[in-house]
Amino acid sequence: MKLILAVIKPFKLDDVREALTRAGVEGMTVSEVKGYGRQKGQTEIYRGAEYAVNFVPKVQIVTVVDDAIAPAAVDAIKGAAGSGKIGDGKVFVLDVEQALRIRTGETGSAAL
Amino acid sequence: MKLILAVIKPFKLDDVREALTRAGVEGMTVSEVKGYGRQKGQTEIYRGAEYAVNFVPKVQIVTVVDDAIAPAAVDAIKGAAGSGKIGDGKVFVLDVEQALRIRTGETGSAAL
Amino acid sequence: MKLILAVIKPFKLDDVREALTRAGVEGMTVSEVKGYGRQKGQTEIYRGAEYAVNFVPKVQIVTVVDDAIAPAAVDAIKGAAGSGKIGDGKVFVLDVEQALRIRTGETGSAAL
Amino acid sequence: MSGNGADMGDKKGIKMTDKTWAARLAGAALAAGLAWGAMSGATAQTATPAAGAPASSSPAASAPAAAGAPATPAAPHNSNAKPDSGDTAWMLTSTALVLLMTIPGLALFYGGMVRRKNVIATVAQSFAICCVVTLVWYVASYSIAFGTNVDAGQNKYWGGLGKALLRGVTMDKPFQIAGADVTIPEYVYMMFQMTFAIITPALIAGAFAERFKFSALLLFTVLWSLFVYAPIAHWVWGGGFLGGATPPVLDFAGGTVVHINAGVAGLVCALVLGPRKGYGRDNMAPHNLVYTMIGASLLWVGWFGFNAGSAVGSNALAGVAMANTQIATAAAAIAWMIAEWLERKKPGMLGLASGAVAGLVAVTPASGFVNPMGALIIGLIAGVGCFLAAVYLKRLFKYDDSLDAFGVHGIGGLIGALLTGVFADAAINPAGKVHSLYTQAIGCVATIAWTAVATFLILMVCRFTTGLRVSEEGETEGLDAALHGEALHEY
Amino acid sequence: MSGNGADMGDKKGIKMTDKTWAARLAGAALAAGLAWGAMSGATAQTATPAAGAPASSSPAASAPAAAGAPATPAAPHNSNAKPDSGDTAWMLTSTALVLLMTIPGLALFYGGMVRRKNVIATVAQSFAICCVVTLVWYVASYSIAFGTNVDAGQNKYWGGLGKALLRGVTMDKPFQIAGADVTIPEYVYMMFQMTFAIITPALIAGAFAERFKFSALLLFTVLWSLFVYAPIAHWVWGGGFLGGATPPVLDFAGGTVVHINAGVAGLVCALVLGPRKGYGRDNMAPHNLVYTMIGASLLWVGWFGFNAGSAVGSNALAGVAMANTQIATAAAAIAWMIAEWLERKKPGMLGLASGAVAGLVAVTPASGFVNPMGALIIGLIAGVGCFLAAVYLKRLFKYDDSLDAFGVHGIGGLIGALLTGVFADAAINPAGKVHSLYTQAIGCVATIAWTAVATFLILMVCRFTTGLRVSEEGETEGLDAALHGEALHEY
Amino acid sequence: MSGNGADMGDKKGIKMTDKTWAARLAGAALAAGLAWGAMSGATAQTATPAAGAPASSSPAASAPAAAGAPATPAAPHNSNAKPDSGDTAWMLTSTALVLLMTIPGLALFYGGMVRRKNVIATVAQSFAICCVVTLVWYVASYSIAFGTNVDAGQNKYWGGLGKALLRGVTMDKPFQIAGADVTIPEYVYMMFQMTFAIITPALIAGAFAERFKFSALLLFTVLWSLFVYAPIAHWVWGGGFLGGATPPVLDFAGGTVVHINAGVAGLVCALVLGPRKGYGRDNMAPHNLVYTMIGASLLWVGWFGFNAGSAVGSNALAGVAMANTQIATAAAAIAWMIAEWLERKKPGMLGLASGAVAGLVAVTPASGFVNPMGALIIGLIAGVGCFLAAVYLKRLFKYDDSLDAFGVHGIGGLIGALLTGVFADAAINPAGKVHSLYTQAIGCVATIAWTAVATFLILMVCRFTTGLRVSEEGETEGLDAALHGEALHEY
């Protein structure tokens, strides 16, 4: 199994979720994060004090998938999250040793 | 060392933390996340506009443990987080190459 | 490539970001988390009801880097995040199989 | 004070035998029952309230003095009871101020203290109670509270339905409340009193926060407003057996009618409902003390309308009531803060806010009777007393009064009601010339007894119709989503 | 009601031929045009408004009765029109209350309903409108609305520029509005009316929330205040052709002038601007219903100043207006809640708040004319009617009235304006003796026609100068960052 | 204006030699010292303030005119100084409005501007100051400020302790302030003035936000209220050497007493405490501008009580003060917004709010003396002036006035105080007939000198008793947790 960690633009979340579902992914875990990279953050100025906000809001998706569909899942994210503009984000793939569904105790692919 | 990533129901956090402690885990890092899976979210309707909230609130626990206690830790989570209802969550196990305690510079198991 | 996962004290974030940048890291993803470990949380008391807050606010940094600069990156974090006090945090290193830049489709080190 | 018609002028006081109590409760229950029955066919019953109302020349005439202007030298402009534009201006303003106390004041005070998942449900309670009581007051409660029952014997317990649907409330006719002239139009008086009727059940909500069903809340509010609030208001302010006794129970702005009443009703609710799921184990820390601070502040500011408005005129009595309110509140806030500082090692915003509310509560019955020094002492005692009640009493008896409706309003109300009998100063208000701790205690006991019993019965009615508590799952998930399908979206 | 000078006393009613309409619109357009031109060189034009104003003895004298005190038996102290300190006190208070409605009331009501990324921009709209209208009102709009045009023919349409920059407003001289005496200093009257002028364009903002440019907002507000609000206020309250007709259009506190006006303008804005990006697909759930609750509550409390203040005195008429406001609001909130409960399975806080506002809107024109039973019925109808409008109308016609400015204010205003013609009760206000659904309809139609056309034209001016919508990127990113470079930092 | 008793009637003005200054400061220090000493054994000193108070026929009689009604033709009903119910109604209302300014107004205005970890501590400061000042005012400050010292020489500097614990304040006896009759009960006057005493130290808190110890805050507030606020209030409004000079320093509602005073005290605090940890490096962006918007709005609305209430009556003077307040505020908000737009490329909500407050501050001393055109100009100048002060002055001199207490209140107060001497218009207020920039400058200098020195000394007292700053760790962790053991829980 693979753990796919994707960092995308917040408003692309629904598109990516749908694309992943189409690619056969059945579950995922999402969190609000702040990203630092080529895309620069807004500058806020309050009464003359300037705060260069170095981080931009991003959404991080973690989904663990069967080895078999990992490439399709990565492609799905790539397709749905891309806007061609700087800051579209990244996808990282890591190897997962074991998975467990808490409710049933199922392990491995059956747990996803 | 193993990194255990668990996604559970929010109100189970205290139970799981206690169970993990009993299993010998000494530290963990927790975050608020939103989950997508078999359990479906609430639907909110505001003045006729319906928003199917696809995500449900979950808590994600990351803990890095010594290989030796990894199975016990997974079991502890399973035992404490299970309610038998859909949406109880998942546990994933990944391999960790290295760990470091910033304060002391200790590495490996000693860093946990 | 390596995924470096660091948990640090919130007010050290800017220092760590700068140190990482100096070490050649070009991007990272940050989130607000709550940590459990040796450092104990505040106790809040409201009208006699005591809530031992077991978790303390931390910031989690995830950065994927080329194998070559991973050690330098870990050192950078260690240097910048350390205050010598309990609760300074941890650094974990995991192996990453693949990386992809969504915008361009670049993979591997080029995607970072 | 006298319990029934025969010994109305008798100064020997009430004899607290079980028998007279039973009679009294039965009488009031009857009255309430009649009210209910009559409501269905309200149009049928056409009592003419003004005709021969015996209260007008009875000792009850001192009751409105208790509630305000007439008897004070500072308000000389009510000889022929023509509305005075200055008095009216202040009462219109006071009405707005007291409404501000409930929405958004109390809504935020309570809303900030619950967990985040219940905040919308909590503020919705105050808001919905405001709406429901408005209609009930218009339909029947105003009449029950401030009407003059044609049957003088019944008038001791309730005002009848002569003013139901505001019958007889006119644009120009002078009117009397409990036999005394009023210098403002009756529509204004009716509105001012309505805002008191609104906040009282809203205060109770602090006791059952985070677990009460919304449908139960609506039914509870209708019944409680009719059968508990309205009659007790009549007893004290409408010419009933407490305000009309000799010496009368002194309650300037609602120590018995509002605070003891709501506090005890809250305690009954907390006991009947049982504690919240996870009480004593889960983290139930207030989620947003900024909301609570806003709420406490608006309660404070609005309370100027509550207490100074209870002078029912724009005069020195209103002025001193405002000053007393301010001084007692500040004293109580500081007293609570210091008590907490000693016990908890740190002074907190919640303590300051809670102390302020405790002071506001305690000074309520006293505000138009005592001098500033009296107010200061009442405030200091209430600050410490309510702190102890909120922290230790609840722990001792292991009930879950979620937001301390009883600890703050019940105990604070008792402290204030009793101390009014100690500190009343005739130089401030001649109507407080005769005051007695004993009479005040009678007022408290009567209120407690009626509200405890009636609240319990009303809860039983809810239990077997709407049900009382949300489902366990709903409680876990949070009332916002479970009851209202709504959520805060802070991201 | 009559359309032009010649048939002023004629009771046969208006003939709605295209021709008279065209004439009327042209007349008003001219008036507005003059106003604009004159503003540039305001000092040049030195009309003496008081001199021989013909309105003083014309049927227009019944207009101020529509707006309050003079004609009612409850306010007998204006014989020689000396300022009354009680009346003045209530009007000073009312001014503060109505300002409270816009800032922070409406700002929060709307601010809570948008997405989190647009909340600062949304509250900034209300705040900025408050500032801009203040200056415009001082410079010219007060004169246009409440001045008396030296040319009696023009006075039907606008008040001229005689009072521009408050010329002729003094500390002590008695003054008249539309030929009737007023018992408060003119500075107070001017301020009270200013707060109405402020909230009206702020209401429109609900229709174009989350996409309108801030620069466009400023320009729009200046023009709309001058060319739409001020003339319509004159027509109804300033001695113009609607309030001065026989029988006059009855609008106690702004059903036509404020709500229909703002609602229809909002609809035009929504149609011209088009829907928000992602409308119907993205999650646009209100981000903080606690803010919305605070806003609705402050609107409610502040509306006491709006409606009871429109009695322009501290008297029984103010009292009954307050009572009607309270009863209609509560009824509408509960009606909306129940309708929603049936349709959506759960009652919600947003529904309660929306229903309350719908009730406040609908009772506005009626508050000083109907009795409480009329208010109750108006509230119930408005609660259900506005619920249907907000939920189904928008869906049916597929426009994006973001926060239902039209659904609540337009529809609610229409319901109230028309039903005032049905329920007006001479026992409450003699000025409502002659009332007719037909006349009320004329008032609505005139208002709708003028505001629709003029708002459209003003939008076109903005479109070709400041532009109307933020960039697509700005809309995605959120208006807070894009327009203001600011953000909420909740972590 | 004259500096000491001998040349009281002398119009040649004050000679600013070091010597007279030293004498004056010493005198006031003595007075304050006496106050302090006397407080311990307050009951011992039983001065009868009314007896032969020399102020009554002295030039000081024009001081209350500066503060309001008596001298204006718009308020004719104070011949025999019987309380007027309309005047009283407005002053009761104004008291509520001014309290609303501090809690929750200022608390939110400031609370929204700090970092999230300090928000509870920041709002707790306003709330605690409100409580502490209430008690200090009751015990001694009211007497020091508005009592009439039996020793006429001392009366120039402080009012003595004759009214300590409100001795001599009665329900009915007519009373005078600085020799002039007042048409409201003294309890109301005392309460109204108390709310001014409350907000002034609360304003200072903007300068030391995010680092001051809570215990230090409490001690500071007690001392500052006694030794700085109360005497300065006496100098200007209580018959002291500024308001009683010829011509008197004109300060309608507190330009010197409240704003210059608080602003300069804030500057001293900022300098003594030093900058926040990480100042200029860490992100210290305001965490919730919605709170700040609510705060600014409530300040605005409440300021109607502040300025229009300073007419101490319900009359045309109150009306024009309200109008001036509104116009100056709107003008300043727009001026700041435009200045910021030019400099920062985007107009912001914080700028609108800050500008509004700057306008409110600047118009305060002028509101009852100038006409609307004067108010407009003062507003425009204040908007730009305070913007420059907040943005550049702080940067230039590198002090950390966290929330710009000095930049907005100090500078805004100076602008307003000085321009009052330029724009005062006798047609608005006869008491402003004689006005001079020079006299106004004297008022500013006297205030600045006293507050700067006394504030510094008080800080030194705190430093060696409670300490001044929280620990470094506490500052990093946040004051909410460190000082109060509380936290916002937004998840």
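Which chain is which? They are A, B, C, D, E and F, in the order written, and residues in each are numbered from 1.
The definition used in the following text is that a contact is a pair of C-beta atoms (placed from the backbone, for glycine too) under 8 Å apart; a residue touches a chain by one contact, two chains touch by 3 or more.
What you see is a predicted model; the values in this text were computed from it and never measured.
Q: If you walk from chain to touching chain, how few steps can bring you from chain A to chain B?
A: The least step count works out to 1.
Q: If you take the chains that touch chain A and keep only those that also touch chain F, what is left?
A: Neighbours common to chain A and chain F are C, E.
Q: Please identify each chain that touches chain A as well as chain C.
A: Neighbours common to chain A and chain C are B, F.
Q: Same or different, please, for the chain D to chain F contact, judged on whether over half of the interface numbers appear on both copies.
A: Chain D vs chain F: different; shared/all numbers falls short of half.
Q: If you tally contacting C-beta pairs, which pair wins, A-E or B-E?
A: The comparison resolves to B-E.
Q: Measuring from the mean C-alpha position of chain A to the mean C-alpha position of chain D, what distance in angstrom results?
A: 55
Q: For chain C and chain F, let me know how many angstrom lie between their CA-based centres, rounded off.
A: 48
Q: For chain B versus chain C, what separation do you get between their C-alpha means, in angstrom?
A: Distance between chain centres: 17 Å.
Q: Measuring from the mean C-alpha position of chain E to the mean C-alpha position of chain F, what distance in angstrom results?
A: 36
Q: Two or more other chains in contact with one residue: find those residues in chain B.
A: Chain B, residues with two or more chain partners: 14, 31-32, 44-46, 53, 94-95.
Q: So which stretches of chain E touch two or more other chains?
A: 84-87, 89-90, 93, 285-286, 294, 314, 344, 348, 350, 485-487, 490-491
Q: Draw the chains as points, connect those that touch, then say whether the picture is a line, ring, star, complete or other.
A: other
Q: Pairs of chains that touch, anyone?
A: Going through each pair of chains, those in contact are A-B, A-C, A-E, A-F, B-C, B-D, B-E, C-D, C-F, D-E, D-F, E-F.
Q: Tell me, which parts of chain E touch chain D in their complex?
A: Checking each residue of chain E against chain D gives 72-74, 77, 84-87, 89-90, 93, 97, 115-116, 285-290, 293-294, 296-298, 300-301, 304-305, 308, 313-320, 322-323, 326-327, 329-331, 333-334, 337, 344-350, 352-353, 356, 372-373, 376, 427-428, 490.
Q: Within the complex, which stretch of chain B touches chain A?
A: 2, 5-8, 31-38, 54-55, 58, 60, 74, 77-78, 81-95
Q: Chain C touches which residues of chain D in the complex?
A: Of all residues in chain D, those touching chain C are 283-286, 344, 348, 350-351, 354, 390-392, 394-395, 404, 407.
Q: Looking at the complex, which residues from chain D come into contact with chain E?
A: 83-90, 92-93, 95-96, 99-100, 103-104, 107-108, 111, 119-121, 123-124, 127-128, 130-132, 134-135, 138, 165-166, 170-172, 184-188, 190-191, 194, 214, 291, 294, 314, 483-491
Q: For chain A, which residues count as touching chain E in their complex?
A: Per the stated touch rule, the residues are 11, 14, 42-46, 53.
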